[in-house]
Amino acid sequence: MTKLESPALTPALGVFTEGSHHFPVRVYYEDTDFSGVVYHANYLRFIERARTEMLRELDIHQSAIHNGDAGEKMIFVVARMNLDFLRPARMDDLLTIETTPVKIGAATIELDQKILRGAEVLFIARVFIAAVAQGRPRRLPAEIRQKLTFGAADSSPEDVG
Amino acid sequence: MTKLESPALTPALGVFTEGSHHFPVRVYYEDTDFSGVVYHANYLRFIERARTEMLRELDIHQSAIHNGDAGEKMIFVVARMNLDFLRPARMDDLLTIETTPVKIGAATIELDQKILRGAEVLFIARVFIAAVAQGRPRRLPAEIRQKLTFGAADSSPEDVG
Amino acid sequence: MTKLESPALTPALGVFTEGSHHFPVRVYYEDTDFSGVVYHANYLRFIERARTEMLRELDIHQSAIHNGDAGEKMIFVVARMNLDFLRPARMDDLLTIETTPVKIGAATIELDQKILRGAEVLFIARVFIAAVAQGRPRRLPAEIRQKLTFGAADSSPEDVG
Amino acid sequence: MTKLESPALTPALGVFTEGSHHFPVRVYYEDTDFSGVVYHANYLRFIERARTEMLRELDIHQSAIHNGDAGEKMIFVVARMNLDFLRPARMDDLLTIETTPVKIGAATIELDQKILRGAEVLFIARVFIAAVAQGRPRRLPAEIRQKLTFGAADSSPEDVG
């Protein structure tokens, strides 16, 4: 049986530093297009992986929330994104996804996500995540809101619904 | 040999009506995720297909431009996107992508792109396309600018460098 | 409201001729990689779209079967594939997927799927589909088996479980 | 500037043990489909990542070969695949890709690739890679053939043209 204790066999987990979560992504063939650089929609896959790992690190289990283990069944959905594509990433690049909570509202999480190659910023996203149950917005559980405030400049539960 | 004259063997091309280009997209397994709906990044693939077919219909050949047939080698890149995810699309849905040029600048094309299921709007994107050569912004060729003004509310070449 | 009656706004449906189903696919940016041709895994997306449309044309509704409308809840899964990558497809290519049932067993469907560009064969797949319920192989409903025999060289329900 | 020295910021590299290369892959939203499990074509993306990392570890630089740094410009392409889909992988699964060279021919590399979840085998692929230059098969450079024999049961350069 394969042991997963070796660092080389552990997938990247990311780390928290100075109010942000950092997560590495390697660019493979599948991510590029015939223009020679990463296909623009694939940056959204990269930053979604980073959000998933950040929540995992914070012990926020999306599948448990989805199954209603903590009360009503709830899911997180992307409600809005503002994206700036600054410079292209290329095959074999080693990228870092930097995720910073900027506002934790009653029902909405606002994140800044940057894709960097070394110190160079390739892509910037402002991402608005909503909690949804039965097709309607829901208040975020207090526990989740608190866990996400590690990096938020502003965390005012009053500002949303 | 397979004949492609049958309508059933012609892929969707889209049509122009009232200043917009309309293009159909069917949702397949590959587009969905385990939450049961279309994975959010895949809406960007759908609207990119629509832009490609709109340019093809306007007789703007990206590969010719890319090869420098009309002068300097040039490419169109997505520079910015503002996205609103309103309602989810699902397996087997038949969607329409509605693309409307809103501003044709000297070096930038600004488009509105909506994804509809019947009359229901699922997704709205404001897309900023830039012409780039040798890594720097370039003026759009006059011919391309003119072709794209079919639907633009505003088309002022003076407003961009 | 968008009308979908125009051929240009109807996505490709495919046609049956001489024991095979034919379905068109256009190659977009998203399908290619930086080597300049279609990324090999994407041929599997193309032939899956063709299978989905073939079943739709045959009035076999996967979601109804999946929901158990005709008895036990059942799904079709890909159990095995043998693939030959003969020639690469490229950006803007118009491809035809040719799907031919070759054997309809009691619990397994065996299909030949080819990807053609005009008369040129780019890719050949032998695909084995299994009916599964509660994690175990199940006999195919007689109605489905019959619908699929339109092109099968051999259709012997005795040969499987 | 982001430092990449932390293990948590290093993407998985994989390790060689007993004639095989082992590489970890985490399943994300993007990999699944609405049936609740990993979309079948995505297993091909997983095993391609593993091949890329194996070659990187062996100091075989595909882009250098592609650019002709060692003589004629050459690329590796997938020529054939035989795939068995045994059990589905699911969201959040931590998988290991096990890659074993089984035959290094004059112009062809034959690999076994398995996807495991712990000790459970989910997927088996036999993959045939060809070296191609100017659209025609080419002999593998001796250096590459030698590097790949670390795990090959059989390595007979005579068996291929």
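Labels for the chains are A, B, C and D, by order of writing; each one numbers its residues from 1.
Operating definition for what follows: contacts are C-beta pairs under 8 Å (C-beta built on N, C-alpha and C of every residue); 3 or more make two chains touch, one makes a residue touch a chain.
Predicted, not measured: the structure shown is a model, and the values here were computed from it.
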item	value
Residue-number overlap at the chain A/chain B interface, same or different (half cut)	same
Chain pair with more C-beta contacts, A-D versus C-D	A-D
Computed distance of Cα centres, chain D from chain A, in Å	28
Two or more partner chains touched - positions in chain C	29-30, 35, 41, 45, 48, 91
Residues of chain D touching chain A in the complex	1-2, 4, 6-15, 22-26, 28-30, 45, 48-49, 52, 63, 91-92, 94, 96, 98, 116, 118-119
Chain C residues within the chain A interface of the complex	29-30, 32-37, 39, 41, 90-91
Residues of chain C defined as touching chain D within the complex	35, 40-42, 44-45, 48, 66, 75, 77-85, 88
